[in-house]
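By letter and in written order, the chains are A, B, C and D; residue numbering begins at 1 in each of them.
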Amino acid sequence: MTDSTEPNLHGLPKNRLETLVDGVFAIAMTILVLELRAPAALGPGGLAQGLVDVGTRFATFVISFIVLGVYWFAHHQIFHFVLRVNRTLVWLNILFLLGIALVPFAASVMGAYTGDPIALSLYGAVLGLLAALGYLIWWYLTGDRGLIEPGLDPEMVHKVRVWLAIGPVITPIAIAISFVSTTLALLIYLVLPVVFIFFNPVSRYLERLRETEP
Amino acid sequence: MTDSTEPNLHGLPKNRLETLVDGVFAIAMTILVLELRAPAALGPGGLAQGLVDVGTRFATFVISFIVLGVYWFAHHQIFHFVLRVNRTLVWLNILFLLGIALVPFAASVMGAYTGDPIALSLYGAVLGLLAALGYLIWWYLTGDRGLIEPGLDPEMVHKVRVWLAIGPVITPIAIAISFVSTTLALLIYLVLPVVFIFFNPVSRYLERLRETEP
Amino acid sequence: MTDSTEPNLHGLPKNRLETLVDGVFAIAMTILVLELRAPAALGPGGLAQGLVDVGTRFATFVISFIVLGVYWFAHHQIFHFVLRVNRTLVWLNILFLLGIALVPFAASVMGAYTGDPIALSLYGAVLGLLAALGYLIWWYLTGDRGLIEPGLDPEMVHKVRVWLAIGPVITPIAIAISFVSTTLALLIYLVLPVVFIFFNPVSRYLERLRETEP
Amino acid sequence: MTDSTEPNLHGLPKNRLETLVDGVFAIAMTILVLELRAPAALGPGGLAQGLVDVGTRFATFVISFIVLGVYWFAHHQIFHFVLRVNRTLVWLNILFLLGIALVPFAASVMGAYTGDPIALSLYGAVLGLLAALGYLIWWYLTGDRGLIEPGLDPEMVHKVRVWLAIGPVITPIAIAISFVSTTLALLIYLVLPVVFIFFNPVSRYLERLRETEP
């Protein structure tokens, strides 16, 4: 709602933080594919069989790409309302990016050891860290610090808080479940981003504003 | 035609999605080169022979780079007319980026197994997915959703639709052909981007507008 | 304090240099994670033990990520006051980026040989080079060259100079110490960024300006 | 001289092409470092000897980083005067980026086989391709196509053309020399960027304009 290049007097503009964030997301999303390599040697089934064998790695690639997309879009939507950044907000974001950079690592472990609860727990721990930082960033932003658009609908602010709390609540449960059933835990990692995409209070808020505007 | 940093009230601006897209393209284009490695040990012909041996990988690199260039430029041209983004448009783009991230993988398989129809089919499937998503994005944008410049020439909108339909129509044919003749299929992958570059309705439209403007 | 896209007549704008810098930082931060790979084969302790074994690499990843975050934020803050760039400033920045690109290499050596003073010295040398270049850039900018906001508080300019001198002074000491005690040297590399984060004269300056503004 | 985000009616703005170019440069510069890996096993001299052994790779890294810096800065300076882009200009730039993406490959071959004239020729061929494309881009831009700032000093236009012709003229000579003396060819690759940096007609032109402005 504010021009990202407009000079915010006596405050750091948000555009460079956004560029850094977009860059880390773009790289994390693209290096996920480095786990998918052409099979070095072909067994009896030939290349077709070799590609089938990278199946679980491919599924992990798709899930991780969607997860990164979910976090990127949530970041984009939340930062849409940000006016300026300060030191604390920058460092919360750098920690968030540290978690984003860990996704390809956690994905590569999960792609290699899908049936192992430790691999699923590592993956869940990274997702949970990201979700917790997302919640913290929104909580920090919506405090009385002059960092965000004034006049945001308090109901929307609350709904986003609930939305962002889903991750930190669900991922510890998924980690616990992975020691009982890896399939069920994996299913939760699959369903979680879908829920996140469809129950999106910011999209609804923006659509409502557009409908009521003259 | 619209300033990408201008505040679109009550709508998400397109600039961050463009930054993400440009980032993924830049990385996918550059990591293609990771397939071209210095030969680890030199055989009888020395380094010259070693470099000749990476010939098919080099050809795959060039084709894939041009293909990514084609898709990048088409995205740039189409998004030139976009006013704001919404959730559906963002997710169509993230799926598109998933396809872009797969190009280096498909290229690495094709570079290693050029004569294998399975490798050529995989490459064709990625190109076809991208082409289908490109078509879908244009179809979604030009619907009555307030996402695109009003007053676009309907003839141009239709021509772009036909242009973007070439890929989804030709790639399944190329995949089928690859089981008959891998050379012919490869040739189609070579010719397709060239056709795409020279029969570009957006470039023509913009040139015509420039000529008629006062 | 100035719009990065505003035309600075007869001067090169800073925005493309910032984009390059943000890109190199984003990539350096993200490829740090390439050192953390899924264990190729599992020993007696299984995956849990395999992940514990990547412990020192993980610690190096976290420290290096924070260090890069510190340098990125310092660059962001300093460039906030820059009006335009010239050849010398661009080349000082390219040398700075050369140092940034070396961080993943130094981190990979330190992650593999944590107890070796040579590894710690290499890491310290890269940090020292970056700190020296950071000092040089600030010294060059604040000279009478018309590159920076006029009317900056001279006290702040001096404080930033002292702040940026910490690195070039401490890192040679840390390198010397690493030959006596690698643990102590590692501790210095841990504490240095923390000091840098909390004793940040630019953040304080901007906060003070905000408080006194009408 | 023009705001990169200002709407150029009926023309494609240059900002996305610049973002793609900056992205490819940032990645190419940073992945150069992937050639510098921690020695896998330590011989008799320990880590110090292992690092000395990566010496020629390190020199190649530094030269290649500087070369990429030279090309990036030349691109930045030239595009400073660009008003809008068209299809031909975009494709010349994509071919230029193809050459940029090849630099890490050519550097890795040269780092591994420094004494081999084939390795030096490959490196020279990539530099020559880039230089030729740079020349071509400037020639295309300064033609009567409405792509560049009107009223550029014709003397400067000519001087830049001579400046950009150095590369395409010198690199074939360096390639020929590499078969006589690899040291001499390497020296040319070292000196060329230095000449390029110090004899920079655009920097001089901009400085002169600043001095004469009111």
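What we mean here is this: a contact is a pair of C-beta atoms (placed from the backbone, for glycine too) under 8 Å apart; a residue touches a chain by one contact, two chains touch by 3 or more.
Just so it is clear, the model here is predicted, and its values are computed rather than measured.
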{"item": "Of all other chains, the one whose Cα centre sits farthest from subunit A", "value": "D"}
{"item": "Subunit A onto subunit B, rotation angle from CA fit, given as a multiple of 5 degrees", "value": "90"}
{"item": "Interface residue overlap between copies subunit B and subunit D, same or different (over half shared)", "value": "different"}
{"item": "Interchain centroid distance [CA atoms averaged], subunit A/subunit C, Å", "value": "25"}
{"item": "Subunit B and subunit C, separation of their C-alpha mean positions in angstrom", "value": "36"}
{"item": "Two or more partner chains touched - positions in subunit C", "value": "5, 19, 23, 26-27, 31"}
{"item": "Interface residues, subunit C side, partner subunit D - complex", "value": "5-7, 9-13, 15-17, 19-20, 23-24, 26-28, 31, 86-87, 90-91, 94, 97-98, 101-102, 104-105, 108-109, 111-113, 116, 118-119, 122, 146"}
{"item": "Residues of subunit C defined as touching subunit A within the complex", "value": "1-5, 18-19, 22-23, 25-27, 29-34, 36-38, 42, 46-48, 51, 62, 65-66, 69, 72-73, 76-77, 79-80, 197, 200, 203, 206-207, 209-210, 213"}
